[in-house]
Amino acid sequence: MILLLLILPAGAGIIAFFLASDRLRRSLLVLTASAHFALSLLTWFFQPAPSMAGWLAEDALGKLVETLTSVLFFAVSFYAVAYLREEQREAHSDFEEGFIFSNAREASFTGCLLLFLAAMTLVAVSQQLALLWVAVEATTLASAPLIYFHRHHRSLEATWKYLLICSVGIALALLGVFFLAVAATNPDGSTTSMVVRDLSQNARHLNVPWVKAAFILLLVGYGTKMGLAPFHTWLPDAHSEAPSVASALLSGALLNCAFLGILRTQEICVAGGLAPFTDQLLLIFGLLSMAVAAVFILGQTDYKRMLAYSSVEHMGILAVGVGLGGAAVFGSALHMINHSLTKAMLFLVAGNILAVYRTKSTEGVAGVLAVLPFSGALWLLGFFAITGSPPFGIFLSEFAILKGALDQGQTLVAIIYLSLVAIILAAMAGPALAMAQGNPREPITPPVRSIALRTAPAMLAVGVLLFGVYIPPALTRVLREAAHLLN
Amino acid sequence: MAQVINSTLVLLVLSGFTLLGSSRLAACIRAVAFQGMLLGLLAICLQGANVTMTGLLLAVTTAAVKSVLLPWLLLRAMREAEAVREVEPLISFNVSIIAGAAVLILSLWLGQRLQLPSQPPSSLLVPAALFTCLTGMIVIVSRRKALTQVMGYLALENGVYTFGAAVALRLPVLVELGILLDVFVGVFVMGIAIFHISREFDHIDTDKLVALTDHLS
Amino acid sequence: MAGLLFSFILFGVGAVASLVFARRGRWSSFAGAGGVILGCTCGIFPVLHVVMGAPPQSLRVAWDVPYGTLYLTLDPLAAFFLIPIFLIASLAALYGTEYLEVYRGRKEIAPPWFFLNILTASMTAVILAHNAILFLMAWETMALSSFFLVTFEDEKETTRQAGWTYLVASHTGTAFLLVMFILLGRHNGSLDFDHLSVSSGSGILFALALVGFGVKAGFIPLHVWLPEAHPAAPSHISAIMSAVMIKTGIYGLLRVLTFLGPMQAWWGLVLCVIGLSSGILGVLFALAQHDLKRLLAYHSVENIGIIALGLGVGIIGVSTGQSFVAVAGFAGALLHVLNHALFKGLLFLDAGNISHATHTREIDQLGGLLRRMPATATTFLIGAAAISGLPPLNGFVSEFLIYLASFRQIVSTQTSSIVPMLASISGLALIGGLALACFTKAFGIVFLGQPRNECAEHAREVGFAMLGPALVLASGCVLIGLFGAVVVEAMKPLICNVTGLMSADVERDLAEAGNSIARIGAFTACVIVLVALLALARTRLLSLRKVSTAPTWDCGYANPSARMQYTASSFANPLTESFAMLLQTRETLTGVQGLFPDKAEFHSHTDDLFRNRLFEPLFHTIGRAIAVLRPLQQGRVQLYVLYIAVVLLVLLLWQIG
Amino acid sequence: MIAGSTIPLIIALTLAPLMQSVISRTKAIVAGRAGQQIAQPYRDLWKLLQKGAVYSDTSTWIFRMGPVVTLASLLLALAFVPFGGFHSLAAFSGDFIFVAYLMALGRFFTVAAALDTGSSFEGMGASREVTFSSFAEPALFLSFAALVRYTGRLSLDPVLAAIGPRAWASAAPVLSATIAALIIVYLSENARIPFDDPTTHLELTMIHEVMVLDHSGPDLAMIEYGAALRMWLFAAIIVGIAAPWRSGNRWVDTLIGLAAMLTLAVATGLIESSMARLRLLRIPQLLLVAIVLSALALAF
């Protein structure tokens, strides 16, 4: 079943490269997404058997990330099809600088999308750390072409930074994996396999300095991919230049996968009694990320960059939650879900706004509620959700994390956390509200666009609202298991 | 055997300095290729007596990819980009070499902080690996051309490999190959990117790639 | 409980229906208003039942969110606060059906109806909630829905600005509440209100509650959002927000007091200080305003101050063991909650009538409306007299109780606790005097004399839907003025609940206070009778004599024109001058020039002191401090990789070395 | 409610106008004029009642209500003031608060009536009235507080009853400070020099008088009578503190009280003829002095 989850998108991806007919390729995309979605839902009812000697298995954490990815991809695929249908084929002029540019081949875009899905699924299900590494690197390679869909210099620059910075980070992560392998060698030369469960089972016998070094390397390496400050530098560029479809997946799904890499290591370290050390680092980088996000959200004039930095903030929150440990980890896991749904929705809506207003500057956009009532409403909903006001999911998860902090007497952390969240709210409220409300600068007549462009974000919005008022017991159970893995 | 390993590692370090020191792209590429070859050698030597067929094959493929395929990719990219054949560093070569020296000391120190649990084939192994990684980083940070940054990345990878070689025997073949494939595709994609960059800006200086910053009010 | 649950359903139906009928003309108004009115009416019965002394009812259902339970409780405290909410909300809804009509065609009027239903529902939920998560959710939903109502006229820049301020302020307040509830729930895991308790450091929790709820209630200096948001909103929304929504802050404070264990004297002291500063500064800023609704908004700050003062006196009474002081103080505060709801709702609705009829809220543009809008004028007069705390109206009764409590404390203790009492007495007196000045100005300039421009000239009285609510509220003011004793007697259970005093003592003291109030009721009735008799006598006299009309005595000036009438600004000038240091009014004067001066101009504007001198500087400092880090992200990929390298090395050296 | 008698009320209603005439007579004598007859105020009232009325055509029913409400509230307020040996007609704990606010009610309507005419002069007067009264209120309440704290009673009648010669022996400073404060308030509330000059003829300088420029006939009568009652009310309270001798026989006590009222009136007259009107800006400062005095009374 797990293999199926992998082979399905991978195969479809390869086929997509060679399919001539757009219609066929698009339907292939949607079909694969739906099948993958259906499969991952099945895994909630029938626990899939581990395969490849336990290298591929779906524990609670993996299940969360995998399902989340699948859900997002499902919603996004509809959007993508509509988006591709409406994208101009021939060369067209860039709305910011006016030069002429053309898009990449749709075939390769679709193909990469599917391969991207395959890679992310692999990240979620692989229990073997080296394999995990391979998968993470694969996500980078599969997603780079997505960012460079619009063939112009800005997206190229973004792609280059993404490639280089992430590759460097990932290389360090590989070193970390090797370090861990070293740590796993007992003095007599015998070794434990690199499968997470085995490692955490005899984590007590691991060689401490090497584990520490390994954790640092993996934190920096995967942290780069996850967008923890100060390694986040590629993130705003990539998210703002990629087409909204890609931005949604990058922010909603990819970052979680990278975080999963860190969580696996954390799992081992916690089992090895190194929690104080790792928690300390996670807290530092988490709060740092939130602070950096605050710095750049304040006075931000590009709304896609604003969303990107908000992703940095929420990655920080995830790290803080895990770093706090205890009840906060549950909150962190829940937060991962809420953030992914909300942020993906916001990026898709941003895509709609961008398509109509043809500018990414917050000053350029006004009166979305008047021009695009539905998207405008979703935008406001997303804004309130992402800034953590009830009745949306993020409120609950942020509350849980805060409670964790205060219950453990981490008052300082709690204060910094709260004040940063408050600053970011105040900073985002200005532009986000100004965009939605009021009247457009010059009268705009919105073009008639495909319904899918509204339904896709709406699907996610339902989730955002649902998890704010009701968390299904099954989900709670899995979240608890996941939290238990990290405590 | 130990002498071979040690001398290989020394050569590795020297090639690192060449990478830092040489002013011509081609020379740098050759340095990186040489590192690749050394890696192959190292992999074989580290297996020592109980050398297996797969181990041998892996070492050879690695060496081939790293010392032939990737450099060829880079040379091709260089030709397509019609880049100036100079390295154009942000900091002078002397400074880079001094930095290299500093890094060497650092990695030696770290090396003896981090003792391999099992008896290491050579005390130089860890320092050399770390040093190579860090030289790669220095190159990325201190050079202008996108191409040089790829070389830096390769050097970094080589460093990681050097270390990998020490523990590689315990990594399954499949993973080894996966890693190799990733690196290869990575460099391949970067090559394409460089090609596009040169076509877009008709040069490959990354300090022109600064359009994307925050225009904050 | 069932009734209340049903009213929740009705609110929901109303909300949805108003959106469904969005394209069906007035249907959506009827649907929205219907939801609110029906919901409130069927909610009021269980509430009254509990107020009459029925046992508290509650409902607890498990809820699949972390720490959350669907736990509603209708106890006397909740019931007391629900009465004004239901009353004002339903009246405002009725008012809205006519008020919003002018926007039809220009704007979508379904959303305000949707959010009005949500707002009413969430306010009800806030009062009923007995679990922290539920409370916070309702609390924030209340903030959000009211935010959307405030920004109804979002085409105006000022409105959007007000919305931003309101949003940020209320979220910041909520942050404090989060911390408070978490700390309260720390001991025994659950966040149900029954389990909230505090072992040590109740002072910190009180401070947190004070700030968190103070933002909503509008304590100075946390009031900055209030004078922006209330004028921006449509008038019936301003009425709801000012009359009942900000009271949820007071409710929260009282509710939390029941968790905090024994009250400490300094809490009362702090509340007295806050109350006095809010009261005095609030009315002073109100005096300086030219915009009628802004003036009313500042008066909300003032009245919240009076309420806080009452609470402070009460708490001091509790902590010094003076049960009468405690009872009278709390009773006064609670009664003022009710009274303020009545007359402030009334005044905002009338302000709505005025702007509806004249299209301006500038006091100095109006005048002579009494002849043109008699019903509005009369109700406004009643409201004005009530808010100035004059007998025979309700405002006096509650202020009297607070006075009485303070005087009693002076009599019965020799301790230092009389200093705040003296402060509260003289403060109340000053507030009373200033409020009188402010509302003689508001009423006199707006309704009396001659109209100052065409709009006022051609104003017409508004329709029934907009007058009816005002009439109801006005009669409410009179009734409580006469029969306040009844209300006070009914407060026994909730005062016991909040103060934790012996039921017997509370009963005795309430009886004593009620006695005075009953007398006041009787004597105010006498005033009314006397007035009637004198008026009668006067008419009888004049009926035998010659009664003629003439132009106003102009002290010899040839032909006075309407523009020569005393303006609001000049009326308030002596007072604003004496407090210029606090008000910092900006004045621009282009005096007469030349031999034959054609035109001279004078403008004055009074910004909010705390906004200008406290919060804006604060925000700027934060902004500047943050801006220092901006160069981090300046596009050079080399630099970015350098960050990675440096951080990596630092970590390795720090942890391994 | 204490079993009170109507006597203080009757005395007030009948003799109130006398105070003003005594004051003006004193002023006249000091100024070396013959001055008006003692009964002149009654004549004026009677004459005004005979007259018809002229109303400004901008004015409304508010204008007509002004005098009525003012007079009504004062009539009721007087019911709480004891005089001489006689208890007040009514009393309940906290009644002095009620009295103060009744006068505020009167002020509200007087001011409204003034604004109703739309005359800028009357607006000016109204503005000054509300300004000064809002400074006078705290002084009044603080002096009440001083009395309440000293006597331990919460109602006007018992408070005054509790102040006897012994009280003066024991707490002279408290009482004298309070009286000083009350006298200042009494002067300002009744628009006497140094706050306002009732006999001035320049509208620009008036405070109270200018507000009633447009009233005529019976309305004016009510206003004049109301003014007299207000003065009596304050005077009665002051006298109640200042002349606390009790002989046991109520009528004697009442005579003592009347004598005291007379002296107070004469004193007022002397003050008025001995000093000039203050500049408007100075008035709040004098009222602040009153506040300070009553605070002092509390400090003792």
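Letters are used for the chains, namely A, B, C and D, taken in the order the chains are written, and counting of residues starts over at 1 for each.
Note that contacts are C-beta pairs under 8 Å (C-beta built on N, C-alpha and C of every residue); 3 or more make two chains touch, one makes a residue touch a chain.
Quick caveat, the model's predicted, so the values are computed rather than measured.
Each step here moves to a touching chain, and the least such steps from chain A to chain D number 2.
By number of C-beta pairs in contact, C-D leads when B-C and C-D are compared.
Centroids built from CA atoms put chain C at 69 Å from chain B. Between chain C and chain D, the centres computed from C-alpha atoms are 36 Å apart. With centres taken as mean Cα positions, chain D sits 100 Å from chain B. Per-chain Cα centroids separate chain A from chain B by 30 Å. In chain A, the residues that reach two or more other chains under the touch definition are 160-161, 164, 168, 172, 209, 213, 236, 296, 298-299. Touching two or more other chains at once are residues 627, 630, 633, 637, 641, 644, 652, 656 of chain C. Chain B has residues 113-114, 137, 140, 149, 206, 209-212, 214, 216 in contact with two or more other chains. Under the contact rule stated at the top, the pairs of chains that touch are A-B, A-C, B-C, C-D. Interface of chain B with chain C (complex): residues 90, 106, 109-110, 113-114, 134, 137, 140-143, 149, 206-207, 209-214, 216.
Those residues of chain A lying in contact with chain B across their complex are 128, 130-131, 133-134, 137-138, 140-141, 144-145, 148, 151-154, 156-161, 163-164, 167-168, 171-172, 174-175, 178-179, 181-183, 185-189, 191, 194, 207, 209-210, 213, 236-237, 240-241, 296, 298-302, 305, 363. On the chain B side of its complex with chain A, the touching residues are 113-114, 116-118, 133, 137, 140, 146, 149, 153, 156-157, 159-160, 163-164, 166-167, 170-172, 175, 178-179, 181-182, 185-186, 189-190, 193, 196-197, 200-201, 206, 209-212, 214-217.
Residue ranges of chain C in contact with chain D, taken from their complex: 367-368, 370-371, 381, 385, 388-391, 396, 400, 403-404, 407-408, 410-411, 418, 422, 425-430, 432-434, 436-437, 439-441, 443-445, 448-450, 512, 515-516, 519-520, 523, 526-527, 530-531, 534-535, 538, 541-542, 545-555, 560, 562, 564-566, 570-575, 578. Every residue of chain A that touches chain C in the complex is listed here, in rising order: 160-161, 164-165, 168-169, 172, 209, 212-213, 216-217, 219-220, 224, 230-231, 233-234, 236, 277, 281, 292, 294-296, 298-299, 330-331, 334, 369, 384, 387, 389-391, 395-396, 399-400, 402-403, 406-407, 414, 418, 421-423, 425-426, 429-430, 433-434, 437-439, 469-473, 476.
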